[in-house]
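What follows is a pair of complexes built around subunit A, which joins subunit B in one and subunit C in the other.
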Partner chain A sequence: MRRRSLEIVLAMVGGTFLISVPWVIPALIDSFWVSVITEILIWSLFASSVNLLFGYVGLLSFGQALYFGFGMYGVALGIDHLGLSFWPAFGLGIFSAMAMALVSGVFAVRLSSHYFAIITVVFSLIFYFLAVSDKPLTGGDDGINFSLPPLFSFDGKVFSLTDPTLQYFFVLAVVSLCLFLMHRVINSPLGKGFLAVRDNDLRASLIGLNVYVLRLIAFVMAGCLTGVSGALFAFFGRYASASYMFYQVSGEAVVWTIVGGAGTLFGPLVGTALFIVIREIVSSHWEHHSLIVGLLAILAVIFAPKGIVGLWNGWVNRPGEREAPRPVPQPLTLQAEP
Partner chain B sequence: MKDTVLLLAMNGLIWGLIIALIALGLSVIFGLLDIINIAHGDFFMVGTVLAWFSLSLTGNFWIGFVVAPLVGFILGAVIQRLVIQPIHGAAALSIVATFGLSLILQETVRITFGATPGRILAPIPGTVHLFGVDYDVYRLFAAAVALAALGGFFLFLQHTKLGIWMRAVRHDRETAVAMGIPAKRVYVLTFGIGFALAAFGGAVAAPITTVDFRGGVDVLPFCFMAVIIGGLGNLPGTVAAAVLLSFLEGLIQSIADPTSARISSLVLMSAVLLLRPQGLFKGFAK
Partner chain C sequence: MSATVRGDVLAEPVLRTENLTKRFGGLVAVDNLSITLAGGRVHAIIGPNGAGKTTFFNLVTGLLSPDSGRIFFRGRDITGARPHVISRLGIKRTLQVKSVFPDLSVADNLWITRQARNRFLHAFRPAARDTETRLRVEETLEQIGLADLAARPAGTLSYGDVAMLEIGMAIISEPSLLLLDEPTCGMSPAETARAVGKIRELSRTIDLVIIEHDMDVVFGIADDITVLAQGAILASGGPAAIAEDERVREAYLGRPEDEDFVEEALNA
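Let's turn to the complex of A and B:
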């Protein structure tokens, strides 16, 4: 039971911390860190989409930035060009990311392993170049700015994300909801199908699972998570830019996920938090913080190939707690009398 | 108009030969070690920077042609031993590790070389009149060097002990080990050779392109395209695809902008991946 109670304590501490951030952090450090934590939450949702595909379905997507960009531009263009209010723009961002994921997924999930990783990069590069070259629509690398419409108005009072505390709780609520839904899906029969495909797609197909459809569903779901994170990031930064669709953005999410622990719900959150906190702390003193990021990525895959959360799980399940190894069944043997 | 088409097509052809050299390194690493090397563009970039430093330190450009592949080879061998070998060819981990490597190489160059792009003047100045256009002599020379290096590499693969070992390990690792081939050492050397090819490509290309710590970022997708369209691990196919792609992009650039040219080759690549994942040239190679 040690592990279970430890995890409950950890979850309570983590939950209390996340809820108290807007009051505790400005008092202890600086209100700037509230926005850093908001950013961590948004990016960890992005990393979670990589995790959903890689950790649970075995597909390494290196092109999630494409759907992130669609989420961003859905919001930015919805507000700036179509004059939408907050919620329709949010919906447009998520919808366009999912639609794009469906269209590209139809082709991409036919491939597996290296080929899948490469075709996802190719798709994201195509749209990156399109977005960069179509400056009038997307603003290219400079991006487009927009002013934030109010979240809702109540009793004549207008609530908007320009209030950092409200923004923080809005992001926290959306990210928690997404992670909760992802958790539910993974523990549903559909999720068991995902795991079966991840572990052995041939066997999964032999027991009657439709591997292609399962992969496509996972791909669109991951596109949805990415779209939500892109939309949130657009609200957070009040702008959208083609530079977020470049393959290096996707690469960072893969690194965060694997360093944090792929195939675990909180791994991406841990990995993202680690890298962004390091970036924020180091970059103010030393401009070459990527050196540390690169070094950490390499050390992580060598010494903790299952990620930080994987390392933690291994540590908590030390001998004594681990299931006793089952005796290997010996084959029946018969020997003829000489 | 005809002159522009010819000029861009020639540029494409020559750039394609240099890219072929870099993509060959990527293909060798991929074929033998089964690693998606995200840092390969940066290996090329390191080559351009080494060419810059050897020129600025010695005043002689040609020293870079020796220094770049040599340093590249050593760096590659060390990286393989320290970073790649411990992860045992796990594809996902290799992506993360080489991504980290790419950050480290870029940042190290940014610290030592600086963030401002540099430009090396052509060591062989002047132009020649060729097919009705004036063409830089150095570009022609670079193409010849790249071609010679490609030929040299294939001779090396066919006729030296190490080359035969490399092919044997790729073909059937277990049998190769059983025959007494030191597979681990072959892996170390292969990664070194892959890095050396990219770095040499960088040194040759340095006067044509700019020397910049982000110079590998554009080259990487192009190399992957060549490797995929040529067929993963199919070395002659990779070379053919690199030249063909770059030539086509040059042609398309004469009627449209470079971005559209890049987009059309990416679309071509998606089609190849989906319809002929074994590459365009399967059947031509052994």
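Let's turn to the complex of A and C:
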């Protein structure tokens, strides 16, 4: 009971905060922080793809930046080269990321543990160098800029993401929808299958689960989350650049996820928020801010292997104080930790 | 005591292998093995360590592919099929080293085992809403006596309870052939008695093949015994015939410290 009500309060506070950001933040701090929070939401979706693979299926991918890049370039090339409007470009970004995830996943998910990690890096490096060298198409490290097509027009009025408030709510809506869908998947039979594969792939195959196909489905789903975040980031920055396909970008998402809490729905959001806020506050005073990132990552791995959200869940679930142990009917199918 | 309560020996053998061979480098683990297991009976496979018993199970369940030979399950050639395909045909097994999903709850271990019989896992329907599977899980929890531990992560259970959970996972998957690899290994006498009771109960409806080192267990539940040595059949027959077989005594039963249970087995 205690845990449930605490979480409801927390969800209401968090929800209210997120909805009030465009008005509260400029009034209290600076409107610049609205765009920081927008960025946090986008990157947390990126980290969620690492979380889906690592936290729920047991695959540690160090190559998610590849699909992020495909999401970005799908949007940028769609608008700049093909002259697509907003929604088709968005769709093209997501589709290219998923298609690339399917192609590389067919090979990658045959492997486990560190072999899988290595092949994901290799794939992303290959395409990173291709993207950097093919300057006419991708603009290389400089990237390509484009101007934003309108989101929609209604009654003669044109709405576009150039309005920071609309942009913020658009990103919030898309990220919330993705996390909601991920939540649904995790608590579905398919999600239980993912967990079984993560826990013991040998046993999973012996009870009749097709481990290869389950991993491939998860990999393409993760590619979809990554593609959405890459597309959002392209809209947010109005450009796409090969530098976002570098494996360091993938590595950051792994750190954010592990520190925030792998295998929990909101872990990546917490980790991403923490590190981006640190970066924004510290980097203007001190150029070695990544030392803090490293230190926090080490501390988390040693003292909070389940991340910040894992610590929280452990604290909330700790054996109750004075409550007499009553025979409560146990829920048979436990919900995944939020 | 005989476990052939079903008594319906099917014309088609439940499991048949033809000249099955598996080598690991220079070692021949399973050597030209042709074995026929009739339905409706409990088969035990015994033999000294390294006789190829577990390799035989690995070949049947698709974890290994044979170098030569064929495997037929109820007349159907399953040689070289992948583990999940063989599992869906109805062959389930337990592993020598107890193997469950340690971070999933006891109930979820059973839940996913039941769901894995389906070809597709639904991606968006809440798992908790599947009443039919939930009822099956509750029923199985009662059967194996783990209802009180339903919400516990399986990794926190005692060894004996994990073994019972494995048997529960075998029950809920409704196999048509169940391979048990040393089910009572590492169990206390009380736990062994509990497991043997369950296995005997299972044998009424399921074809069983059991690898076991505990001769009390073997002679207590098996209708037929096959003795393997160096990957080949040394002897096969009923428990009494096996206990009296000279070659078996020499190769396996006849070690000095084992003399006692040969007596026991004969008396059983």
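A few notes on this one:
Methods note: the second predicted complex is superposed on the first by the 320 of 338 C-alpha atoms of A that agree within 3 Å, B and C clash if a C-alpha of one lies under 4 Å from a C-alpha of the other, contacts with A are read in each partner's own complex, and residues count from 1 in each chain.
Heads up, the rule we're going with is that contacts are C-beta pairs under 8 Å (C-beta built on N, C-alpha and C of every residue); 3 or more make two chains touch, one makes a residue touch a chain.
All of these numbers come straight from a predicted model, not from anything done at the bench.
By the touch criterion defined above, A:Phe129 reaches subunit B but does not reach subunit C. When the two structures are aligned on the shared chain, A:Ser31 is found in touch with neither subunit B nor subunit C. Contacts of A:His288 after superposition on the shared chain: subunit B is touched, whereas subunit C is not.
In the superposed pair of complexes, A:Ile119 makes contact with subunit B only, with no contact to subunit C.
Contact with subunit B, but none with subunit C, is seen for A:Ala297 once the two complexes are overlaid on the shared chain.
Once the two structures are overlaid, the count of subunit A residues touched is higher for B than for its counterpart among subunit B and subunit C.
By the touch criterion defined above, A:Leu190 lies against subunit C but remains apart from subunit B after alignment on the C-alpha atoms of chain A.
Touched by subunit B in one complex and by subunit C in the other is not one residue of subunit A.
Put simply, subunit A touches subunit B in their complex at residues 54, 60, 62, 107, 110-111, 113-115, 117-119, 121-123, 125-126, 129-130, 132-133, 247-248, 251, 254-255, 258-259, 262, 288, 290-291, 293-298, 300-302, 305. Across the complex, subunit A meets subunit C through its residues 181, 184-185, 187-193, 195-196, 198-200, 202-211, 214, 330-335.
Put simply, subunit B touches subunit A in their complex at residues 36, 38, 83, 86-87, 90-93, 95-97, 99-104, 106-108, 110-111, 217, 221, 224-225, 228, 232, 257, 259-260, 262-263, 266-267, 269-270, 273-274, 277.
Residue ranges on subunit C touching subunit A, taken from their complex, read 61, 63, 82-84, 87-88, 92-93, 95, 99-105, 107-108, 111-113, 115-118, 121-128, 130, 134, 137-138, 150-151, 169, 173.
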